[in-house]
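Chain naming follows the written order as A, B, C and D, and within any one chain the residues start at number 1.
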Amino acid sequence: MSVLIDDSTRVLVQGITGRIGSVQTHWMLEYGTKVVAGVTPGKGGTEVEGVPVFNSVEEAVKETGANASVFFVPAAFVLDAFLETVDAGIKLIVVVPEHIPVRDVIKMRHYAIEKGVFAIGPTTPGILSPGKGKMGIMPASLFRPGRVGIISRSGTLSYEFAGILSEVNVGQSTVVGMGADPVILRNLADILELFERDNDTDGVIIVGEVGGEQEEKAAGFIARRMTKPVAAYIAGRYSPQGKRMGHAGAIIRGSAGTVEAKQEALRAAGVEVLDSPIHAAQWAIKHKLR
Amino acid sequence: MSVLIDDSTRVLVQGITGRIGSVQTHWMLEYGTKVVAGVTPGKGGTEVEGVPVFNSVEEAVKETGANASVFFVPAAFVLDAFLETVDAGIKLIVVVPEHIPVRDVIKMRHYAIEKGVFAIGPTTPGILSPGKGKMGIMPASLFRPGRVGIISRSGTLSYEFAGILSEVNVGQSTVVGMGADPVILRNLADILELFERDNDTDGVIIVGEVGGEQEEKAAGFIARRMTKPVAAYIAGRYSPQGKRMGHAGAIIRGSAGTVEAKQEALRAAGVEVLDSPIHAAQWAIKHKLR
Amino acid sequence: MRLHEHEALDIFEQMGIPVPRRGLATTMHEALHIAGEIGYPVILKAQVLVGGRGLAGGIKVAHSPDELKELAEGLLTSEIKGLPVRKILVCEKVEIQKELYLGITIDGYSGRPVIVVSTEGGVLIEETAKNAPEKIASIHIDPSFGYYPYKSRSLLRRLGLEQKIISAWSDVISQLYTISIRYEALIAEINPLVVLPNGGLLAVDAVLEIDDSAISRIHLPLPDRFERMENPLERRGREIGVTYVDLDGDIGLISSGAGLGMASMDIIAKNMRPANFLETGGGITADLLYRCMDLVLMKPNIRAIFINVYGGINPIHEGAKGVARYIKEHKVKIPIVAKALGNRQEETWEILRSAGVHVVTETATEKAIERLYELVGTNRE
Amino acid sequence: MRLHEHEALDIFEQMGIPVPRRGLATTMHEALHIAGEIGYPVILKAQVLVGGRGLAGGIKVAHSPDELKELAEGLLTSEIKGLPVRKILVCEKVEIQKELYLGITIDGYSGRPVIVVSTEGGVLIEETAKNAPEKIASIHIDPSFGYYPYKSRSLLRRLGLEQKIISAWSDVISQLYTISIRYEALIAEINPLVVLPNGGLLAVDAVLEIDDSAISRIHLPLPDRFERMENPLERRGREIGVTYVDLDGDIGLISSGAGLGMASMDIIAKNMRPANFLETGGGITADLLYRCMDLVLMKPNIRAIFINVYGGINPIHEGAKGVARYIKEHKVKIPIVAKALGNRQEETWEILRSAGVHVVTETATEKAIERLYELVGTNRE
């Protein structure tokens, strides 16, 4: 098996009739993903790339047995469609769109967790398991099958890390974009746990960024629970700060969310902190991860 | 024991420093009720009728062991105070005030049920167990101890029925005002269930009114679960109708909520329907209820 | 508070719900002018706050100015179910392909908002509910989760509708739900919601009833709550803070508590006729009962008054002082029977008796009304 | 979007939060006039969108018209942390008995709104959080249950305050929470919330940051989002739909994805200096990259440009056409290094190469920046 996507994954594409939805459906199918249905309310009965389109998630699930969904829905409609998807019994949801109001994300997050749905995003490139399938927008050419897991806050940096590993023949088990918004649907530690439990993964790279506290909290999880080797890169050391206003966030976190603070927390948890993406290759080779 | 109020009931009065709150505290104490605390935010540290006043329910519970609360709070503040009371661990709440917005009552009802709190009202005279105590505004002189339970949608009609029974030496186990609003905190059937289980009650009188569907739903409960004799009076046969607008309510209920429809449903459940309050006396005597 | 159709339509229109072109007329000439702008035929709708207005003759179609003059004149001088028609709404007449039903209300028993829809709207909707329940669908809204549009789409799919109607109707439901929240509505209803030949929807009637207890926190323009009451006695009741309903009998009633008032009416009606229903609520004072006496006696030909109050939350001895003062000041001669029990009852009786009121000390209202009947019988002219 | 202090104070005032008497001045004469109306002493506060403004000299006290003239003149010709001061807020100076802290934000990790309070407000609040955590209290709000005032009262009791302050402060929290909902705030903060000698509260500073993604659904008056950007290049970035941050180096950067952009900057910064951060987002077109080239080159003295994009959601071959067209039309001579991988990468390389761009086909950004460094080194004057 692999993380989140496996042979039993039957993908529903929401917003399939849109420009991005239809192009990405093409790429997902080309990568061998079982895309079984699309949904766009009002466009039911048509087809996109040979995939039948339905008016509702309920119908799509009933007719095609879809059990995972990837979103290419305009930001303003994501909340409604997300709740509909959870109610229809889908247990894995990937929310690609950016610019979703944070208060909508809060509602989505709580509803998904309450209903036992694993959702990632928003503002995520999605999930790709090399050779198995992908849900999202990751460009397939950079990935190859193997045993390293990648979790990234940044879409394009996840491609960069996968490509760097692939160039030295280190493959990936699964690459997950955790999403880049202030609130995300599942936290980094939850995704790390999947990799820790995955028999096809031997080590994990975390690609983090300045800000927030995902990496600091993940460090706690790693110290307590991870047995597999973990490396981490934190982007944004050079990013201009100093325009921050308001103290409430920093007071709750008790941390500044700086690159240095994150690196320190991760190092203390036994994580190898990478100074530059290119060092991921040596790390993987050193740990004999293929 | 008796229904809802017994020797272990330690009453908190919310809004105790108000005009009605202080007067009713006097009457409750005079009736032998254990009123142990009052709450009015901002008036903590004072006393009313010898009862200590606190700023918060949390403090009142901590300092006095209060386990039941009666509300004399202005309608606009009831929702907030109610949620506070539930959070403080109080398990019995009587909401006397009228004119609470129905959407506030909806929130209160759901929160109380979710947290396992038995709440009655709003627009209720409260609960009185003759010889044991009272939470609310019922005038004590009309009640006497005995074995008939009364549940009434109308405050003053509950006094009328108790008084009619008392005049012929039929006492009451407990008299409960269920509240007169479109949405109430506990439905009639829930209260009937308490009387069915109560060892001190031998029969129950329901005092209903035209409108809504409490009595029809209770009829279903009585048919299925009640073993004790039940009588019912429904007020409002002569009430002018015909100004009703909107059909949604009637469509959901599938019943007109008329006096006749309620009487028919109750009769079909084996309830003795009383044509006038005064007939309650004969009914009780016939069933040898004292 | 129930809004008039024209008031509700204005609110629906602001929220984006499609409504007919229309204008409000208080005279035949205004109606003529509006119809001229809209174009014939037009529909004339009496603006009275009763259900079943159409079946009672409150809705007419005018095909020409001459016909309009006659019909408007007729409506504006008529009564519908006892209410005088002061305003008529002049609406465009559209071609109706189908009549749908949409209602949002509070389900009192489960304590949740509920959305009800039917493909068979119109005046006989309640019959449809009984005889063809498969044409009705409803969905309850969880109060903490709230409403989302997908709930409507899912609801409408159950009626087997085509997707185009589902999309348009679902938008109307979302808009009406938002109205029901913002206006703290007990009922928000469109019946019928008309399907036009082009497939579009149009709300040709509008019901909006607002929770009186929530009016003070609705920060949106609302019509005046008192002015709209047609009956001057009922308006006076609102002004002094009691519930007064005008009836066609001659026995005045003052009661504390709606249930006690209804029971009193039911018993009076066995062999007399109540002139009114009056319920004081929990705020009795001497002044309030003084005003209640005045209100009950505003109606001519009252033969007797029955006062039925309990001293629970109410200080009935204070109320008694108001009654006594009124009797003295106005030299009331008709018989007054009072039953007043509870806290401070003896004091209350004393005050009433010294003002000439017949005080009944038994508990049963039946007994007091028997006494009233004797007095009225004796007093009959 | 961050609001200026004076904009946030206006909103707080509308909601009923007590705020100081004040006026906004863009000239020394306006400031003089406002101070005259308020009465001396007054506080002058530079309206710039940076934290730590007070410690950076942006807040002054004027005790007389002469002093005000000098201070206002000075502020209006100064810069605070690189931002020019165009407006100053002239405020009444109140007697401060105590400074409290109140902030409402979104706790990103748990995904819930959180209210933070402290009895030790003021500029050193984050120090207090570290050194005296017992003086800070916070409460998370369940998103489906919502906020109720009793939550604030319970929160404030934990700080051991007297009831009078709890009541007043709890009202301010309820008001600020309502603001945070209506304005979709990421941060709503009052620091300090001042206790006056009479025990009343006054919000003497105001922070309000609005969720950009939600602005289109806030139906309340808001300042223009673009006009407020001080830096013309950053404003231009907003206009064309990209994130542009102006830096003080000379290596231009165009990247797709914030993480990739940050990593590129971090690597460039090892031995060169980035001129900007530019992140395209997921909407690359030929026109967009044409405009990005133009934007990057608006800054004088750019020595080289690094383009770092991936073809995932972005059609990078389209983007390449825009870059190529710009180079041709504007005869760009400085070295341009591009790394462009993913869907249709070969096509992209071809287009870029034919326009004279140095294409690096290895994956690691490090390698591409090594190439850039070589070229800049060679090119050095």
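The rule is simple: a residue touches a chain if its C-beta (ideal position, glycine included) is under 8 Å from a C-beta of that chain, and two chains touch if they have at least 3 such contacts.
Quick caveat: nothing in here was measured; it's all calculated off a predicted structure.
Colleague: Could you tell me the distance, in whole angstrom, between the mean C-alpha positions of chain A and chain B?
Modeller: Centres of chain A and chain B (C-alpha means) sit 54 Å apart.
Colleague: Which integer distance in Å separates the CA centroid of chain B from that of chain D?
Modeller: Here the centre of chain D sits 56 Å away from the centre of chain B.
Colleague: Find the geometric centre of each of chain B and chain C from their Cα atoms only, then give the gap between the two centres in Å, rounded to an integer.
Modeller: The computed centroid separation for chain B versus chain C comes out at 27 Å.
Colleague: Residues of chain B that contact two or more other chains, please.
Modeller: In chain B, no residue touches at least two other chains, as defined above.
Colleague: So which stretches of chain C touch two or more other chains?
Modeller: Within chain C, residues 144-145 contact more than one other chain.
Colleague: Viewed as a graph of touching chains, is the assembly arranged as a line, ring, star, complete set, or other?
Modeller: The chain contacts form none of line, ring, star or complete graph.
Colleague: Following the definition at the start, I'd like every touching pair of chains, please.
Modeller: Those chain pairs satisfying the definition are A-C, A-D, B-C, B-D, C-D.
Colleague: Over in the complex, which chain B residues touch chain C? Could you list them?
Modeller: Residues 20, 24, 27, 75-76, 96, 98-107, 109-110, 125, 137-139, 141-142, 152-157, 159-160, 163-164, 166-167, 180, 182-184, 187, 207, 209-210, 212-214, 217, 233, 235-240, 242-254, 276-278.
Colleague: Using the touch rule from the top, collect the residues of chain A that touch chain C in their complex.
Modeller: Contacts found on chain A: 41-42, 44, 55-56, 58-59, 79-81, 83-84, 87, 111.
Colleague: Name, in rising order, each residue of chain D that touches chain B in their complex.
Modeller: Of all residues in chain D, those touching chain B are 145, 148-150, 153-154, 157, 163-164, 166-167.
Colleague: Could you pull out which chain C residues touch chain D in their complex?
Modeller: Those in contact with chain D are residues 144-145.
Colleague: Across the complex, what residues on chain C touch chain B?
Modeller: 2, 49-52, 81, 101, 103-109, 111-114, 116, 118, 125-126, 129-130, 136, 138, 143-144, 184, 186-187, 189, 191, 207, 209, 211-214, 216-217, 245, 247, 255-260, 262-263, 265-269, 274, 277, 281-282, 308-313, 341-343, 345, 362-367
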